[in-house]
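Could you have a look at this structure, given as structure tokens, before my questions?
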Amino acid sequence: MTKENLKYDDAMLELEELVREMEYGEISVDELSEKIKRSAFLIKYCKSKLKSTEEDVAEIIKEMSEEG
Amino acid sequence: MSDNTINKNYYSLRQILESVSNVIKGAYTQPYWIKAEMIKLNHYPKSGHCYPDLVEKGNGKIKAQMRSTLWSGNYEKINSKFRKITGRELNDDMNILFLAEVKFDAIYGFSLNIIDIDADYELGVLAKAKNDCILKLKKEGIYDNNRQLKLPLLPQRIAVISDETSKGYKDFRSIIDNNTRGYKFFYMLFPSLLQGDAAVGTMINQLRQIKKLKHHFDLVAIIRGGGGDVGMDCYNRYELAAEVANFPLPIISGIGHSTNETVVEMVAHYNPITPTDLAYLLQQKFDNNAVNISDYQGIVEGFTKDYMNEKISVINNQTNYVINKSKELLNQQNSILQSLKQTTIFSARTLISSQSNSIVHISNKYKFAIQKRLSLEEHKIDRNTKSIYSIAKNLLINQNQKIKFVGEKIELLKPDNLLKKGYSYNTIKGKIITNLDNIKIGDKLITKTYSGEIESEIKKIKKYD
Amino acid sequence: MTKENLKYDDAMLELEELVREMEYGEISVDELSEKIKRSAFLIKYCKSKLKSTEEDVAEIIKEMSEEG
Amino acid sequence: MTKENLKYDDAMLELEELVREMEYGEISVDELSEKIKRSAFLIKYCKSKLKSTEEDVAEIIKEMSEEG
Amino acid sequence: MTKENLKYDDAMLELEELVREMEYGEISVDELSEKIKRSAFLIKYCKSKLKSTEEDVAEIIKEMSEEG
Amino acid sequence: MTKENLKYDDAMLELEELVREMEYGEISVDELSEKIKRSAFLIKYCKSKLKSTEEDVAEIIKEMSEEG
Amino acid sequence: MTKENLKYDDAMLELEELVREMEYGEISVDELSEKIKRSAFLIKYCKSKLKSTEEDVAEIIKEMSEEG
């Protein structure tokens, strides 16, 4: 799934599922690297999405505030 | 008697008349109270004497009739008392109770000489007549008619029944004409007798005249005054009272007297008693009207002022309300918008920060889970490693011990070691003796010890059971 | 109603009615002018009536003689 | 409704209805301008009507008073 | 919906719904930018509508006051 | 089995089986050297695998942390 | 049986049999010497085998420990 098509919510869901799997030891050590890589990607993706949203929102809020 | 007229005894006229006179004088020794109707007084002003015509009627017919005499001296005395008591003078058409001497004079003939008239009786008669009059009016249902008429609010046009020379009329005029407030009354005199029997007719005539002209008038004023209480009986007369009661205009009486209220006054619209009172009454009506009008004017002015003020204040209130409410509405919307804006900003920030926290949280959780997992694996490896070491070591130790144990056992089993301790064994023909079956006496027995061999010969064999 | 035909009593009645209306507040602004005008007229009329009368003795006498 | 045909009472009734609507918050911002315009017109109309009435009436009362 | 056809009340309703969604966290990060943009637009729109109404009203009130 | 094809989980399974065999004394001295050698290999393998995974994780965590 | 082909376990088994035979005295003195000789050989063999195994294991453990 490319970054463009990935939704934040789906990314978060996938991330949570990964955490759950990790907590319940359902991931084999062999897969671990791969899964960790995926998690990192998702976290990074969510963060960047959140950041860009935050910036958008901040911009809009700034505009709103300037308008009084 | 005509048969023996000539030679009969006769009396001279004088004799006979004196005889009659004596009889009468003898029979009627004192005056008598007599009741009769005096149809005519026949007063001769010059002599002052009266010769009242008396009759007694019954069923419409004359039952008795007689002319009487009332000498001027008596007349003056009686009339004065009569007037005083009854309010009227002796006059024609009166039922009277009189004290009279019955006299017979040869020259003047039979006569009744009235020496007194009972005024009280007359009073009773009058009262009865007055009462009858009232009853009749009531019976005919006209008694209250005039009083039920409505007096115009402004009784301005007055038909006056009076006499030009009457003091009452003068009093009335002087008040009406000289009112200081400038009220305009219109009055017109319809002259009339105001007392005595003759007054009835003239007053009725004038009333009828006025009736024809009633559209010109608001009321009729009957004004009398200064005439004392004499001749008032006319106001108790049915004809006049009926005319008054039935009159289409309100009649106000001012006939000024001190005796009882007359029937005319009773049936009149209003009776202020005196002409002066009447004039003041009318003036009072004008005053009332003037007051009323100026009250109304005040009310109209006050009302207008209040009304306009109220309307203006209502409009101003509405204006202020509209203005305030619009401002309020706009302010309200502004503050709603502001609050929505704040909420939007806050919610967006909250959402972002909560997501940010979520990410951090999930990252940490993830990190922790991985580390836990890795350390678990490490632990597992360590545990296995340790197991292997210890198992290997134990195994080697066990085997070492086992070998050692076996080695020791074997050492013990070596024969040399037994011989050393003093043990020995025997052989026959190189074989160790384990049973006695093949042994014979004389066989050569070799005993082996640690230090060397001993050779012996068997002498006896004893077997155990 | 012209002054000629108007009777004092009627004028006063009308005036009273108008005043009553005023006191009970039944007059609309639309009517006010008219009502006040009428009231003023009536007051004027009644006042003038106190100080004048149209009756004429000569006239009455003439009438009397005509009727016989 | 043109000014000519409009009665003061009707104008006031309409105004009161407008005020009532405002009181009960039944006027939306979308309508406000229009409603306020109408209110202003009605107020102006009523005031002018009131003013002219006041003048009329004042004149009448003045006349009445002067006549005594 | 263009600005011309949008009613203040409808805009407020939409805005309130958006705010409610945000308050209850019903908006995903993916929609947030869009929704905030819409909110900002609606707020701006309502404010401008309010402002113009305010000006209208002020003008009318001024006229009314001048007329006394 | 070469290191490349060997999976951590399989290695662990084998190791545990070896341990179990040893615990139950099923290994002869003749085999011991061989088995110990194998265990050592497996342990070494697993450790190295774990170590590389750990390094991966550390790297990713480091990256994550650096991105804030 | 040469040393090369002889297994530790077989050697131990033989040794234990020899010991049993000797203990139960079924062996003649003549045989006994022979058997004792054999036992000594076997013991020596096992000991050397055990020693070499021990050295192997120690070596492996040493290696593992060194690797951490």
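Here are some notes:
In this document, chain identifiers A, B, C, D, E, F and G correspond to the written order of the chains, with residue numbering beginning at 1 in each.
Please note the rule applied: a contact is a pair of C-beta atoms (placed from the backbone, for glycine too) under 8 Å apart; a residue touches a chain by one contact, two chains touch by 3 or more.
Just so it is clear, the model here is predicted, and its values are computed rather than measured.
Counting only chains that touch, the fewest steps needed to get from chain E to chain F is 2.
Relative to chain G, the most remote chain by averaged C-alpha coordinates is C.
A count of C-beta contacts for the chain pairs C-D and B-G puts B-G on top. Centroids of chain A and chain D (each the mean of its C-alpha atoms) stand 66 Å apart.
Separating the CA-averaged centres of chain E and chain G is a span of 99 Å. Between chain F and chain G, the centres computed from C-alpha atoms are 34 Å apart. Shared interface positions of chain B, defined as residues touching 2 or more other chains, are 297, 300, 304, 311, 319, 326, 330, 333, 341, 344, 348, 352, 355, 363, 370, 377, 385, 392, 396, 399. Contact with two or more other chains is made by residues 29, 32, 36, 40, 43, 47 of chain C. You'll find the chains touch as A-B, A-E, A-F, B-C, B-D, B-E, B-F, B-G, C-D, D-E, F-G. Interface residues of chain D, counted against chain B in their complex, comprise 12, 15-16, 18-19, 22-23, 25, 27, 29, 32, 36, 39-40, 43, 46-47, 50, 53-54, 57, 61, 64-65. For chain F in complex with chain G, the touching residues are 28-30, 32-33, 36-37, 40, 43-44, 47. Residues of chain B touching chain G in their complex: 385, 389, 392-393, 396, 399-400, 402-403, 406-407, 409-410, 413-415, 425, 431-432. Interface residues of chain B facing chain E in the complex, by the touch rule stated above, are 319, 323, 326-327, 330, 333-334, 336-337, 340-341, 343-344, 347-348, 351-352, 354-355.
Touching chain D in their complex are the following residues of chain B: 297, 300-301, 304, 308, 311-312, 314-315, 318-319, 321-322, 325-326, 329-330, 333.
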